[in-house]
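Below, each structure is written out as structure tokens.
The two complexes that follow have chain A in common; it is paired with chain B in the first and with chain C in the second.
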Partner chain A sequence: MVNLIIDGKNVTAQKDTMVLEAARSAGVNIPTLCAHEAISRSGSCRLCVVEVKKGNRTRIVTSCLYPVEEGLIVDTRSERVQNVRRLVLELLLARCPKSEVLQKLAADLGVDPHPRFVPDTDKGKCILCRSCVRVCEEVVGVSAIGMSSRGSHKTVGPPFKEASSVCIGCGACVYVCPTGHIVMQSTGDKRKIWRRTFKMQACEKCGKYFAPVDQLKFISKKTGTPYKELAVCTECR
Partner chain B sequence: MTNVSEIRKKTKLIVKKYSGDKSALIAVLQDIQEAFNYLPKDALATAAKALGIPVSRVYEVATFYTAFSLKPRGEHVVKICMGTACHVRGAAAIQDKMERTLCIKPGETTPDRKFSLETVNCVGACALGPVVVINTEYHGQMTMAKVDKIIGKLKEGGAQS
Partner chain C sequence: MKKIANALDLRRVQEDLKKNFDPNKKMVTICAGTGCRGYGCIKVKEELEAELQKQHMDVEVRATGCFGFCEKGPLVVVHPEKIFYQQVKIKDVPDIVSKTVGSGEVLEKLLYRDPYTKETVLKEEEVPFYKKQHRLVFGQNGMIDPTRIEDYLIIGGYSALAKVLTGMTPEGVISEVKKAGLRGRGGGGFSAGVKWESCRRAHGSPKYVIGNGDEGDPGAYMDRSLMEGNPHSVLEGMIIGAYAIGASEGYIYVRNEYPLAVLHLTLAIAAAKEAGLLGKNILGTDFSFDIHINKGGGAFVCGESSALFASIEGRAGEPRAKYIHAVEKGLWDKPTCLNNVETWANVPIIINQGAEAYASVGTERSKGTKIFSLVGKINNTGLVEVPMGITLREIVYDMGGGIPNGRKFKAVQTGGPSGGCIPERLLDLPVDFDKLTEVGSMMGSGGMIVMDDRSCMVDVAKYFLAFLQEESCGKCVPCREGVRRMREILEDICAGRGKEGDVELLEHLSTGVADGSLCALGGSAPNPVLSTIRYFRDEYDAHIRDHRCPAGVCKALITYSVNAEKCTGCGLCVKVCPVQAATGEKKKPHSINNDLCTRCGACIESCKFDAITVE
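Presenting the complex of A and B:
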């Protein structure tokens, strides 16, 4: 066990846990966008910054990737931290001015409502945190989507910007997306995502459309469960 | 145009050269570009499969580096250096002249597929600025007159001097 101080509170945490988790278990809230329990950490949204003090040195670090240390003094809401966080949010908002999540966070953190940066109009709500790419690779295991290009042209999507042949239409990327950039349209027996339309399977008992056929086929192949068994929705099982 | 089966065959041979090693992806892509002058979609898909990497990952790498082109390019690829040293020595004027001579903008290819024009950020030959690289040949201390001379020679179909 490691002892540290977070916002003046003595906190004990297991070795190798991150400052973010230690803070949360001590009831200290740190805003985050890209830290999701289902996927590995990337530290890409930069919102979880905190000030850590070791000896006489303090520095700004991303708490989601900074492991706890004995005697560490963490300040999650010092003026310096708040300024960094506000700047990060201003930049994120300049990229995605339409994102409600970012707008709300900006209001909560007291970001000046008059933008300093010229807002982008063509980036949607994507902050390029790569969470969707990670979940597709690490959890789903199909890697249907990825980033393309770089710099200001960087976008997320299936390769060649066309319907992916390996996507199973599970919607995990929609689930982890912190800003609601990825759109999935479900209309009865069809589901549209990433430029592809998926046929939905109707539950053999209640008749409700509950999952894409491709996803059930994928699960069936991976687990060896016969498709017939999977064609029943979780509520009727 | 090279047909699909030929692209696949050549790509498989290239991957084999690196014994299917995943970490050789960039080298594989460079060799594919060398073979076809650009990265054909079928080649990327074949390489991904042979290396055991998702196509989405291969596409990420292929679009990340500006040295890779996913569009077919001309027989001669003209790269104008826009690095700081070349820029102050008048690369913009050379670019303008090149655009008018070839009648294309950077990123485009002439309709006869002879020339492609690209701008690059530094070719590491700053002392020779402004530099134009055509295929693998470096042309230093470029002038408007030299543009006409070099392009004229290539248009005639003769070998580069």
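Presenting the complex of A and C:
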């Protein structure tokens, strides 16, 4: 076990725990957008930054990626930390002015849209946190979407912005997206996502459309479970 | 080349090569670096060979690595007298062959003429550009054909490797490099010896060494010239490093836009392998090490170590948080020691000279030399290798020959896009890692862009921020969005839309971007803004408050007019103006219609009487 101090509190955490988790377990709230328990960490949203002191050296680190250390002194709301957090929110509000999640987070932290930043109109609600890309690669295992271009031109989506042939329409990306940018429409026997329309499977018992045929086929192939068994919704199984 | 069996055999091979090379024999060397190639040196070389054959002279023409004095290329040296010719053209070739090579006659018109004393200079080392240089790393470039390993062996190449493999322990090598005080030449300035030691101690195998040749700063090309001009020096350094660290594999990451560097490195690796200096059982010992070339796609951020690893691993070049150091978990999560190619090229010198001799050059905490690429508003564009601690004034005026067209020096930008602009009053600053950082700039990898009084510092800051916005990988918010917003504000200021408080806002954003960014690209991105605000605040104020660009650069804030007293009515401006804004009758003062004028500057460039003023 490792002993450290977070915002003046003595905290004990297991080795290899990240400062973010250690803080949360001690009741210290650190805001995050791109950290999700289902996927690896990326450290891209920068909201979770904290100031750590080791010996005489103080620096800003990403708490979702910084492992706890013996004797570490962590300040989660120092002036420097709040300055970064305010800036990140101001920048994100200017990028995604319509995101309700960002609006609420900003309100919670007392941050207003910066008057000098002209709001973007073409970025939707996407903050480019990569959560969708990571879940598609790490959890689903199909890598149907990825990042393209660089810097401020960066966008997320299937290769060449065409309908992806490997997407199974599972919607995991929608589930992990912190800002609700990804749109998935399920109506009747059809589901639309990432420019593709998927045929839905009706439950063989209750008749409810519950999952895309492609997703069930993928699971069947991957696990060896006969498709017939999977064609029954979880409630009827 | 035949395989070299062991260290003793290497010495024998070197001596045989020396015996067969008569230093008093006639030879012509011609710089075949990228700059001189641009001037057409390859055609000059072919012409030299043809002319020598025509005149029945059996004289070698050797295309060598970069001499550094790019301003005056193509550069030719006639040996053994070492007569230094500059700006050689094809039409000069018959005279060079018949007169200089044939009978030792010096062609005055091809010699370098000192712009101050107006006297000609016979030899390279007497040219003021070279006089104050200390060419430890670059000095051999002019003698070797980088495509031939023999040329490197003849000047003692791979002796340091033999010395290490036969008489030094890995720890001994590390201790020597530490004692020499070698610091990373890629910009970080971290102690190479300490890095090697940590990597040696790290658990895990295999271990990797990496030569970072992903030079991307605007205007910087010293790594390029090193890889092109003396690739074996980089390889030898890396092989020694691998031995010290216990690495079995290495990569050189070089950008694909450097085709000559890629070619010369590829040839060097193949030749070194054939000679038994690289690969399995190097020089007959049980030490084996191999080097691969990884061609980069030209992303500036891939010079950052963790992005570089990602790129080699086949992923997008994006940095990751480095809370676990690369020496422990780097490439493929294995212990990795990454150094800039210039750092690696210093290693054989340290081993050959000994740490003490090496450390006798430089300042207290920055040892050895540093190669800078001197570009911008400077008379002698080129690559200079100087001892650490030399002043900026010596570089700009003694080597660089000052500012062209009698204009006034304004600032020198060091450290690339992450560096800062240093004003005239700091010209006597000794150049080393710490001093440059103290004044708000940095050593970086060695770019040095000189600016004159016609450079607008707000425009310069805007330029670098635009570069960084383009080159940001886009992974983290402060760098991707913050740098963009800073650039937008700078653009507003340059366009006359600046607002009171913008400078303070830029400073505020700078702090957040520097503190909040994931890697050093974002961490240092605000430097060009901060340093120009620090030293040229009055220019920002002039743009914002008076809607005036003192340097006459920002198009929205300037007007062109004709000084009727100076104008002779020659009509040249009328001819060059692309939008017919300049008009006037022959031999009568002309005028410029500012409603039509696009401030392209063509008239100013063309006017021989300095009659067009910018306000």
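In the analysis below, the second predicted complex is superposed on the first by the 233 of 237 C-alpha atoms of A that agree within 3 Å, B and C clash if a C-alpha of one lies under 4 Å from a C-alpha of the other, contacts with A are read in each partner's own complex, and residues count from 1 in each chain.
Everything that follows uses one rule, which is that contacts are C-beta pairs under 8 Å (C-beta built on N, C-alpha and C of every residue); 3 or more make two chains touch, one makes a residue touch a chain.
Keep in mind it's a predicted model, so treat the numbers as computed, not measured.
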First (chain B), second (chain C), both or neither touched by A:Val2: neither
Touched partner set for A:Met147, first chain B, second chain C, both or neither: both
Partner chain in contact with A:Asn83 - chain B first, chain C second, else both or neither: second
Touching partner for A:Leu92 - first (chain B), second (chain C), both, neither: second
First (chain B), second (chain C), both or neither touched by A:Val232: neither
Chain B versus chain C as contact partner of A:Ser44, first or second or both or neither: second
Greater residue coverage of chain A in the superposed arrangement, chain B or chain C: C
First (chain B), second (chain C), both or neither touched by A:Val118: second
Common interface positions of chain A, toward chain B and toward chain C: 147, 149-150
Complex interface listing, chain C residues touching chain A: 299, 301, 316, 320-321, 323, 469-478, 480-482, 484-485, 488-489, 499, 502, 505, 509, 511-513, 515-518
Touching residues on chain A, where the partner in the complex is chain C: 42-46, 49, 60-62, 65-67, 80, 83-84, 86-88, 91-92, 94-95, 116-118, 127-128, 130, 147, 149-154
Footprint of chain A on chain B - complex, ascending: 41, 44, 54-60, 63-64
Interfacial residue positions of chain A with respect to chain B in the complex: 133, 136-137, 142-150, 158-160, 164, 166
